[in-house]
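Multiple structures follow.
Both of the next two complexes hold subunit A, though its partner changes from subunit B to subunit C.
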Partner chain A sequence: MTPQWQMPRSGLVWLLCAQAAIAVGLSAALPVWILLLLTVNFLWRLQVHRGLWRYPGRWAKVFLLLATMAGMVVSFQRFTGLEPLTTLLVSAAGFKLLEMHHRRDGIKLVFVCYFTAVLQLLYEQTIAVAVYTLFCVLLVTAALTGIYQRAEGRGSSWSPLQRSGAMLLQSLPLMLVLFLVLPRLPAFWGVPGQQQASTGVSGEMSPGDFSRLGKNGDLAFRVAFDDGTPPPAQLLYWRGPILTHFDGRRWSQMDPVNFRDGAHVIWGGNTSTQRGQHWQERIEKSGQRRGYTLIMEPTQRPWLFALPAPESTDLDVGLTREMRLVSEQPISTKKHYSVSWWPQYRYFADTLVPWQRRKVLEIPVGYNPKTRQRARQWRTETVTEEAYIQRVLQWFNQDFSYTLEPPLLGTHSVDEFLWQSQRGFCEHFASSFVFLMRAGGVPARVVTGYQGAERHPDGYLLVHQYNAHAWAEVWMPAKGWVRVDPTAAVAPERIEQGAESFFSNSQSALTEGGFSLSRFRHIDLLNQLRLQLDALDYYWSTWVLGYQSQQKSLLQRWLGEVSWRSIGLLLLATGALVIGAVLLWLLRGSLQARRRTPLQRLFESLCSKLAKAGWPRHHGEGPRAYRQRLQAERLTEKVANGNNALMALTLYEQVCYGEQPQYTEAFYREAKRFR
Partner chain B sequence: MKPVTDKIVDAVGQVLMGKEPQIRLALACLLARGHLLIEDLPGMGKTTLAHTLAAVLGLDFSRVQFTSDLLPADILGVSVYNRDSEQFRFHPGPVFNQLLLADEINRTTPKTQSALLEAMAEQQVTIEGETRELPTPFFVIATQNPTHQSGTFPLPESQLDRFLMRLSLGYPDQAAERKLLSGLNPRSLLKDLQPVIELSELLQLQQQVEQVKASASLLDYLQRLTGQSRSEPGFEFGVSPRGSLAWLHSARAWALLEGRDYVIPEDLQQVAEAVLGHRLRGSNELAGIPGSQLVEKLLDSVDIV
Partner chain C sequence: MTAPGFIRRHFAHWLNQRLPAARRIRLNQQRLFILPTKAGWGFLGLIAILWLLATNYENSPIFAIACLLSSLFITAILHSYANLAGLEISFVAAEPVFAGQRMLFRIAACCADKRQRQDIAFHFGRGDHQVLNLLDSKRQDVLVPLDTRDRGWLRPGRVTVESRYPVGLLRVWTYLDLNCCGLVYPQPLSGSAVASAPATGAAGQKQATVGSDDFAGFKKYQQGMPLQHLSWKHYARERGLLGKEYADAIDERLWLRWQDYPGLDREARLSRLCARVVELAPQQVEYGLQLPGVEVPLGRGDSQRQEVLRQLALFEIDSHEGMI
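Moving on to the complex of A and B:
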């Protein structure tokens, strides 16, 4: 027989399997050397398990520890952050294998494994990862049951897995209940940002940025309109970062400025109660209000995308002075937010604040002299701003061509583009258009974001990285900020038909974005498959990941706003209820046996009266034996009405056991007479 | 005028001195149409009790001394070829008596022990394919030595269960023993004993036992007791339905001996040790505890209401 404290062998094998599976699942986040180290670790433990090798000595363990620390310093240069901590935890759990002798060590390790298994979900929340995490949990639970299995226990070595599977299935209803009931509260701590390269619109723009994105087929975000009918393609301008500052080559965002007319960002969309947000009042929206929900893929950046004139009531979404949405935290997981939009809008139509006007007219000195000169000339030739804009757009339309592979540009990028190459992508047109406007004295800025979308058969929109776009906004008196898309003047089909159909027949197909079915969209069957997979992912992220932002959880509906304290109280109350129910169930036998007839109750009260007088009835003592004992102890001489008690006992026996109900009245009388 | 049952007890008590409770229990067992097992050391008066009861009740009596080479036929009887009539003639064995004393039953082999089974349970025996009725009343008193003595075959539970009661006589108290020593030899007293009861009266008493009332409250109490013995982890197995029936029946007989026509909880308690002592066994930590203490524990753990 195995001693109680020893580690059962089948449990150990399952623990090894579980740890290996978790390490594989986390392999993207772990450095390569740690994977190698873990493999050596596992093999070593396996050899120990087979009785071929011995446990490592103390110095070997110290060496392993120091080597891991050194490796982490080299790989990460820090010890905080998600990846270093994951690495630390996984490697520590791996090393624990080499000094695990007792059952209690195994149990400890199992709990660490539960934690590391769930860590996978911090990195990705796709269906595949969720299923794989469940698989890991299955293995860990198998290890746990294996550890508790007695060494001499019957059953095959697969029985822990079977039992673990049965346990997971049994816990499914509880999981569903918790999923539906528990609200998703913001975490106590923020998950430190991941150091992952991300694609997408950046906060800057220099020549070539967008043409690179144009070849990328990755998903940027999905949009579902509440009424199911998205607006036409030429209105789908998803506004992102607004680029105001130009240094001659690179466009960048303006630093956030809190000015007299209000803060730069207003959080939560609900602004009417906040004071001093004057700029908010200068937005005019008209027409029918409609809503949509946007599910953004992680970008590690805080900005959000929306149609013009957005308004969101989500608490962690803010509206900036530039009329775009931002998030409180960088988007590290899929982000859901709902937005309202209006077909007609106008903002800052009355006047442009002087400091802002200065900002949107600024052009760097010493760059692009030819363009500046030509702009001034054209501006004097035209009377109004509209005419000037029209003049420029007309010129674009006549002499320029739109291409994904523009030639490289030198120092005076605008000059070179406008007067020499005349071939370019959206950023070239947007950049030079805004430059021309500013040089001509018209306030203008570059807007980056996405344009257009792919319509999924299920009714929602897919916006890919190749939809990335840059366009311009100019400010005109009485009109406010107006969108002008110079690309539309050059290649109207790009806007009307969408990027993918515009490029698919002419120029290079999508070449980036890793392994992606979008590369094969011209093959109908594969395209169908791609759309089906996307729908699966969409519903997963809408109904599982985004459950809390879609609608309030059941708990919130029942209790209103919830906090950690109310959750704690609720859990406590639920636990007490459950334990109480179990106790009640366990005690139900004795509770039923306690049911009494009125006759028995009166007998008991008689007994308790006698007990108070100093003659308690023994447990299990019958009325006759009791009476005889009381008589022997001379009750009648010591207690008044003692005779009544003795009489009552005799009568009780007659009524209860002699089945002579005619004495019932007499028993009641006698029993009550005794005090 | 004393009731007839008290007369019986008094008459037996003159031979077996100072053992009134055991005599009453034995009589109750007889009236409840059960069989009696007396377990005690040699020389405690087991056989005397059986003898005296037979004499006082006026029953046919036979005694079989059980030994390890005793065969079933020695008890049940055997067919012998008669040369004169050229036929087999059945010679009934000692079992065809109203009171059978099976002395030292645990000295014989299980095969012979089980030959008594049918007789005790069905009040009939089947010999050579022919079923023969046994006389009425039929009462087996078996004695056995404590099983830890050498040369014994312990009775299996199934056979123990056939005995309504198990008694042990124990040493007599000093006064009773002095009386025994100073008086005549009990054996000679036995010869002079006259029956105090007619057979028809005895059968009538047995009838009366079945008419003793057991109220719903009493049955509740009985069921709580048996339920407790079945659910309490201290008992390896609880009281069987046959056991609870035997208990109730014994309590009825006891109530009759007390001159009542209804059963009270005290009746159950009085017969409990005799009825349950050989039917209960403690589990685990209570394994070594004798049945009598288990019964006490059981009675203490259940209240009458």
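Moving on to the complex of A and C:
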């Protein structure tokens, strides 16, 4: 290897293209100065290639390195995590451009480029990003081929791209097989995620939270029911965080409690075998069990959403004492989980544990005096809890109105809402209803989550952020926890028709969240487009992003039983098929060239007949030498028809090497006569 | 670095079984070996890292890219194989050289099909690489160099044919025994020559005027006249082909004899003799060679030079093994 190895031009061009494409793809995650630094590196490298500049000296390199480190400290204040790692790799790749003295330096750079190209997919997994990453991989592969290209000929700049494109195309079938068949393992260790703002239902409820969500058209999750028929809209209460604690203004979740009837969370649908009665056994479900799969958009929060009385066998999904699902890790990428549900359920109907009863009756002292007093009065006037609840709901129905732009409330927020403004959003109703219940001695809590869904023509449900909802649950003896939705009492059409039609009638538009076609749902064509795009994204989510959950059933359908052996056999069979096809295509010329003419075939059969008779042709022995040897060894005396064979060999020599094709017929005759 | 002797012997035996010697060998799956290069192992490591990344982040698209790169690696195996498969490699010839010079073995690569082949390197053992591309032609020759040391037949053994095309992740190679051989003349060493005996007994002998090249006149062209003595001026003026006669260019006859170099060992004598041949060959001198048991009769011209040098090269070497 020469000391100053010069990278082939085509290799360098594609390497620079690949790096530029990757930097553009990652630009959202990179600080701006990195792009500047990369540009400097690129220009410097180009000048080196043109022979105008030299590679930077040691001090220049040290300076650039220190500058990068300083930049990273300023930008991130840390060196761990996904963004600093990305920055480090991209800048390292940029520096490597200025340090290419051997071919192996080029190869290392190509590998780093492959890795950084793939990093794009850690940030986002949309179809667009996947396609772009594939494009980057194509460019990097072109660079790899370019580095090894020595025969500089016409069109040599483009040929690496063509060749790598052809190779990648030929690789696609096998890739598909590998992707479909190779088993996926669970994560080995926890990994740092990216730092992103969390979205969706927040796990707390302060005034104004839900009205903000109500204007957001982003997708929260999609649901596909196994039998394809979702339950009616008024049953679609997707339960999320349960808010038990109230400080007068803000509702928040209870701290997890491990009590003697079991831990707060049970993971992976484990039925515990602890002594005593486990809380899980106090959940009664009846009716037909049905299943659905939920694909949640990233929220950066650990809670999951599900219909009441859920059960999930996914290992990283847990069921809490509050009958809702949580995830082990915050949801940073699209999350698939499958859930079973029952139409009828009852839980904790027998008794409420005293400490729990205390928690769900707690109201802050000194707030909302008027409401507390009125609640006690009404509760004494009514006999049963049901009657009391009915009384309150009736009042809501008569005197209250529903709006997304409620007036601001002061310190005694419940008092002001109930007795003055009387206009509000689901959070106001849920909050004041639970307050009224607790003040009247009825255990109650606020449930947050989503209500309703949009039905996609393809059969699955779309739940958007504007479906965010808050409602109440009250505990009654012999009935357990029962859902009460005060909003339904005020604006029943909000629940029955769904949020989108309700809001589209009202004047408030969807003004928050990213750009979304949801805003134009009243234009039919655009709405069609929106649904088509959503379907594309849904199938992408199901079959690519969430393929792990589909794989088992799919393989079962193909193989019958899923074992290492059957998977191996399937891989082997399809792999051999694909490889064979590619090889046939690659060797197409040779195989044709190897095809024998009839003359050659007859000659070979003559030789094999002679070999059977005990006179094989030696390796590399020409027809003339063969004939002379046979003559010398007196073939004619030892083998019948030996004369014919010798004659045929003579004629063959004449036809092939003496350019006397008129002997062909004679050769055929003699060769066939010998047996 | 070298493997112990018995392993090498076993390997050589196995190679002889698998790849027997032949003058022309067609490359196919039986004769080609494929293994990843360092870069190839690095690529496999990269795939492993991507797979870890995909598994830990439960990231399906990255898993797909890892699958794509694995598949690409397998496609690269096929492409690397296809670059050499179907090629016919044969040894053409090697021009004799003097010991210490670099011998060039002419090796031909032909393909019967129309596929392009690129970046095929040939080398003997630790000799230099020579790269060949078959782009538009069906046959291409390559001169594979090897340094020589001793006189006699040089048999470089197996030639390594290898290619890392198209992505450098894999090395496809084979060791071919093409029965390559070339003749190495002794290294010419001039010095302390005792005067060679003038040949006697031949007719028309003249006193040699050593060092004189006086022009004597023209003479009608006869076959065997050295080309550099032709008068091209006359020929151009269409006066027929005339040869220039030089006074000293008339028959001088010399015998190069073993016994002219007393006190030297065999190789030193051969080297001296060789130097004399090199010196005499361009001159218009008839010379012959006398070695113990070997005699080359008087003669001149290229064929004489070759024959004399050949005898010097093979003196007391079993020349039989050189015949193929």
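Simple rule for what comes next: the second predicted complex is superposed on the first by the 524 of 675 C-alpha atoms of A that agree within 3 Å, B and C clash if a C-alpha of one lies under 4 Å from a C-alpha of the other, contacts with A are read in each partner's own complex, and residues count from 1 in each chain.
Quick note on the criterion: a contact is a pair of C-beta atoms (placed from the backbone, for glycine too) under 8 Å apart; a residue touches a chain by one contact, two chains touch by 3 or more.
None of the values given here were measured: they were computed from a predicted structure.
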*asked:* One more residue to check, A:133. First (subunit B), second (subunit C), both or neither?
replied: second
_Taking the superposition on A as described, I'd like to know which of subunit B and subunit C A:111 touches: first, second, both or neither._
second
_Chain touching more of subunit A, residue-wise (subunit B, subunit C)_ = C
*Name the contact category of A:621: first (subunit B only), second (subunit C only), both, or neither.*
first
_Contacts for A:357 in the overlay, against subunit B (first) and subunit C (second): which applies, first, second, both or neither?_
neither
*Touching A:675, do we find subunit B (first), subunit C (second), both, or neither?*
neither
_Which partner chains sit in contact with A:455 here, subunit B, subunit C, both or neither? Use first/second/both/neither._
neither
*Contact residues of subunit A, present in both the subunit B and the subunit C interface*: 589, 593, 619-620
*What residues of subunit A sit close enough to touch subunit B in their complex?*
589, 593, 596-597, 600, 603-604, 619-625, 653, 656-659
*Interfacial residue positions of subunit A with respect to subunit C in the complex*: 103-104, 107-108, 111, 114-115, 118, 121-122, 125, 129-130, 133-134, 137, 141, 144-145, 147-151, 153, 163, 167-168, 170-176, 178-179, 182, 184-191, 333, 544-548, 575, 579, 582-583, 586-590, 592-594, 619-620
*Residues of subunit C touching subunit A in the complex*: 20, 22-24, 38-39, 42-43, 46, 49-50, 52-53, 55-65, 67-72, 74-76, 78-79, 81-82, 85-86, 111-115, 118-119, 131, 133, 135, 164-169
_With touch defined as at the start, can you tell me which subunit B residues reach subunit A in the complex?_
213, 215, 217-218, 224, 231, 260-266, 269, 299-305
